[in-house]
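Below: a set of structures, written as structure tokens.
Look at the two complexes coming up: chain A is in both, with chain B in one and chain C in the other.
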Partner chain A sequence: MRFRAAVEAVSVFYKITQAVEKLQKRFIIKFTPENMHIICNHEANEGGTQVWSQIKIDSIFADYRIQSNADNQITMAISSEALLAALRSASASSTSATAYQVEEILMKLAKKNDRAVLRFDITGTTSVGRRVKVTHDVLVDVMKPHEVAKLAEPLCPDPDLHILLPPLQKLRTIVERLRPMSDILAFRANNNGKLQVSISTETARVQTEWKNLLNPKLNEEQAEEEGEKDLDKIFTVHVSTRSFLKFLNSHVISTSTIACVCQNHCLILYVYIGDATDVGGVLTFYIPAIIDGD
Partner chain B sequence: MSEEQPPILTASMHDLRHFATILRGINFNNVRATVTILHRGLLVKVEEARTITATAFIFSDIFDEYIYHSENQQNDNLMESSQGELLDNTMFEVSLNTLIDCLNIFGTGGPTSSGTGGSGGNKRWRKQGEGSDNESGEENEARGRGRRIEPISTTGSEKHTGMHMTYAGGGYPLTLLIAEDASGPTTTCEISTYEPEPQLDLDFDNDRMILKIILKSSWFRDALSELDPSCDKLTFVSNPPEMTNNPRNGKQRKGSATKPILRIKAGGNFGTTEMDYPNDRDVLESFECTRSISFSYRFTHIAKTLRALQSSTKTSLRIDDEGLLSLQFMMPSPKARGPEGEGAQAFIDFHCLPLDEDVV
Partner chain C sequence: MQATIHASALKSFTKALTCLARYGDELTICAYPDSLSLSATNSAKSAFCRFKYEKEFFSRYNIGKPRRNISDGEGEGLEETQTIKGQLLAKNLLSILKHRTVERSVERCELSIVEGTGGDEGSDEEIDSLESKLIVKLLCKHGVVKTHRLLLSIPIALLAPGVPDTPNQARVNIGPGALRNMLEHFPMQKGAKADPQLIWTFNESEVGLKTCESSMDKGKSQISTELNISAEEFDAYELYTSPIIIAFHLREFNATIAYAESMTLSLDMCFTDTIAPLYIDVEGDCTQGLFVIATSQPPGVPVPISQNSYRPMSNKKRDREETPTDLQRPKRGMKIVQRVDADAASRYTAQSRQSSRMPDSMPPPLSPGPGSFRPLSVPVHQPSLSPVPNKRREQQEPLFLPSSQLSIAENNFLKEAGLGDIGTAEELNALLEEDGEEVDFSPSQAQRASDSKQIKDDEMKVDGAPESFELVEETGFGPTQATQKGFQPLFND
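Here is the complex of A and B:
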């Protein structure tokens, strides 16, 4: 099993980790020759939110080499906090002038005291020109192929609609205000560019509405079907406010986000990374519906 | 229902920051506020521990639109007199936290507004200093205010969040429509209202007033912020200025050297702090004290006034013969005003009962 790569876009890696870090203490990273997949599928995580993502190797790494007996794939479970700390050390120093200038970040799978670690070798120069080398070893559990085979994305019915969300930063501000008011958030949208985020309790009913958003058509087949549907029909899904707020942590990385509503089943959110023209990857959040909403 | 009968209250404003700042000033922890709708504006009152009340007076002219359709139309002739107008009111209770969160839904009614309010307050404070330097008086100052406040409010934020508020009557929710701009999202809030409960009335009777001080809020704020939060008791000690001195003349401070005209004393488990104010017109704009007094208040109660104090410009402190403390904070107004608008500035009024010295 061999694995090594140079981390080119450390800030992207850092932000992706940041986006999912709040969700679970440990998550799974699966490296394949083409993609990196970050998976949070822990049953126990609050609200049952799952994240499945696919990030192109090119958008983060260079000199990428991977070899294994399992179809050249390596899957590992890793502590989100420890990974974040290693990446922070690598990315913060590249921006601040005080410590040192990072020249190269090498990531590789290594062994330390008979345990597998993901080693980050950071080389750089200090302000006076001396070379420094910082090494972070993040303990990982390499998963066996039969364990990996059990990983499966949640099955969802065909979504009732797709809608392009407004900037997540703005959405986050609004949901933050709603958080103390209610544990359950209603996410409503139609195929005519309308989105409503609302809460309803004994004390207050608050609803924020966007109009003229885009309803992207994923394929032509769907576009044909759409002609027959009632565009103004509103589809609703109730989700946990806290889970939704955790998804909104991905505002740090998102450029555009598409939400899919499966009425009374779940809310699926596709967070695109990188430019719209050159999508570097996508984080998919599955937030289960709360059925006994109101 | 709005077709047949107009709502009791319709009010709107293009920039809600000022409104949100005032309400935040009286936001105790998780209490319901009693809102009284009057023809002249809104009165929002909260109470805690049956000891301290805070009332915000928000006059109708800070709203762009303010229409009050009283349910008691038969009292038309009563409304002529000001007393009648006070009687002709509509009251309801509402959760203040929810109301403030709703106003701040886009994050635009938030701390930034109190920040700009604070800086506005500082600017104004300096201006008043200048005003008292040259003797040309009030009018000059007011005109200067009108000219100079404008840039503050425009640089504060490029975007204003507008609000439209309606209250249809008893049993109906308080409805807010909030929008940032025409293209952006709109938020509709329906906040449940409740029947008003009997209020604690801590009326301040001017005839029983012993101490009356008017000072710039910054002087009072600096004093209070010096104090350690672990204090549990705050005492105001005040003595009449020595009769030999002309109390109006700030230059002679002989009396204050021996007996402080105003001393703030804070005590807690870790010690006591004492602060004396000089009898100087630059500090205390007006000072009236008829006899020596000393009253103590719970520090946590006084600390509740800090948020309002921070965004205010001027403070009036009064104490009556039983120790009832009245703190009035003048809130900076968002609009440039002529001298005639001065009287209708929004203000927040705190009334606090003293600690019983025999028990403590």
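Here is the complex of A and C:
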């Protein structure tokens, strides 16, 4: 099992980690020759939210070498906080002017005291050009192939609609206000560019509505189907406000986000990383519906 | 004591207080004729912080004549230094001075200490006039005057660690910014409990830092970090030998860095070997900051051979001594500050050969063990021990005995009634080791602290060989009543 890579776009890696860090204490990273998958599939996490993501190796790494008996894939469980700390240190130069200038970040799988670690070797220079070397060893559990085989994405019915969300940062400001009022958030949308986010309690009802959003058509077939549908029909899914806020943590990385509603089943959110034209990856959030929320 | 701080100086005063508050809750104020010192010790007694302000720092400073009375006068009179001492919660003073409106509108601040005199002052207050008070008067714009009165308790006198004067000492100087840049690469867990420890390796041309993995959260820490940087990053870099490896906790160190950064001062760090404390000097205009942080033996790092091999030599040159049984690792609880009663503290100074910088500095340790000053539990003393402290210990013990469940005021009466000398040292010891309930008089908190300390110490002894504290830990008997002063002469030879 060999694995090493130079981290080129450390800030992207850092932000992706930031986006999912709050969800689970440990998550799974699966490296394949083409992609990096970050997976949060813990049943017990907040509201059962799952994240399955796929990020192109090229969008973060360079000089990428991977080799293993399991189809050249390496899957590991890693502490999100520790990974975040290592990446924060590596990306320090972009956040503070006086910090060290990072020249190279090497990530590799290594062994330390008989335990597998993901090692980050950071070389840089101080403000006056003296060399600094920082090494982070993040403990990982390399997963066995049969464990990996058990990992499966949740199955969902065909979504009732797709809608392009407004910028997540704006959405977040609103949901943050709703959070203290209710634990359950209603997410409503139709195929005609309308989105409503609302809460309703005994004493208050708050609803925010967006209009003229895009309803992306995934393919021709779907477009035909939709011609027969009532475009104005509103589909509703109730989700945990807290889970939704955790998804909104990904505002740090998102460029565009598409939401899919499977009425009374779940909310699926595709967070695209990088330019719309050259998508570097996508984080998929599954937020289960709260059925008895009405 | 009266001191006036101008608005410009008040800022740096407040910054120092902020730093002190991060070291410990209790702030000890000592006013000397030519300087004012503020000090704090963390609860584990493993870190100590002291700011000393020269007279010139203040726009007006005078200590006033110490009143001669039973409770205060004689002890001071004996050693002929005028000092006024008091202790209060650091955050109480800080919250007054750090207030937003204060920072904007204060023109000057007058601090004065009114000593408890038993009558002629404080008649307009409800409070016990035996108590000393710190009066903070803030003179603001538009003639607004804000006056705060803070109660001063009698300090649990602590002997500050004295700075050793030894050739076997490494001295490095570095700016706070450079340190911050180094430390920011280390993952800091948030929360009050987290107190990471770093191992510093000073090589000839390179400095290495790494996270200490054997800290309490062993196994829990998911990341370990190592940083190597050129020694040139330090402005001064003098080692007597290399490598020198020390490990210490960062909580208090970070407080020091924050202070140095806010004052744009550089840190002068002195350390001798792996188990001597780390001394940091941060000096500004008319201000001396001294920070002492206990170091511990980094796990996995063998005790340097040099430690033993240079011993004979070092014995000639310094009072400090390590016993060959040193190998046991000091824990976090390594004490660098010893507790004595205020009286003895000043007398130590008189006897101390060391040119400590402050009258209250404790002389470099005379004996190796934590309990060596406790005659009962450590019957055999190192021959090198100076007999003086022991004798004094014994003399002081009876004074402490009857008061262990009494408030200061009651104690005072007892003393004055001549009951202070009952009880033997054995009884005292037994008393101290009992985990008895204590009446919750507020001043007796100090006693409780000393009780628990005593117990802790005993446990440590059970562990095995006395731990090799560089500085002597004088525990347990820390008498907390200043009223002893009145009695002290009775027992003087």
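We adopt the following convention: the second predicted complex is superposed on the first by the 291 of 294 C-alpha atoms of A that agree within 3 Å, B and C clash if a C-alpha of one lies under 4 Å from a C-alpha of the other, contacts with A are read in each partner's own complex, and residues count from 1 in each chain.
We adopt the following convention: a residue touches a chain if its C-beta (ideal position, glycine included) is under 8 Å from a C-beta of that chain, and two chains touch if they have at least 3 such contacts.
All figures in this text were calculated on a predicted structure; none of them were measured in a lab.
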First (chain B), second (chain C), both or neither touched by A:180: first
Touched partner set for A:132, first chain B, second chain C, both or neither: second
Touched partner set for A:81, first chain B, second chain C, both or neither: second
Which of chain B and chain C A:204 touches, first, second, both or neither: first
Partner chain in contact with A:89 - chain B first, chain C second, else both or neither: second
Touching partner for A:100 - first (chain B), second (chain C), both, neither: second
Which of chain B and chain C A:62 touches, first, second, both or neither: neither
Comparing the two partners chain B and chain C, which touches a greater set of residues in chain A: C
Doubly contacted chain A residues - partners chain C and chain B: none
Touch list for chain A against partner chain C, complex: 78-79, 81-83, 85-86, 88-89, 92, 96, 98-100, 112, 122, 126, 130-139
Residues of chain C touching chain A in the complex: 177-178, 181, 184-187, 221-230, 232-233
Complex interface listing, chain B residues touching chain A: 95, 97-98, 101-102, 104-107, 173, 183-192
Partner chain B, residues of chain A touching it in the complex: 166, 170, 173-174, 176-178, 180-181, 202-210, 212
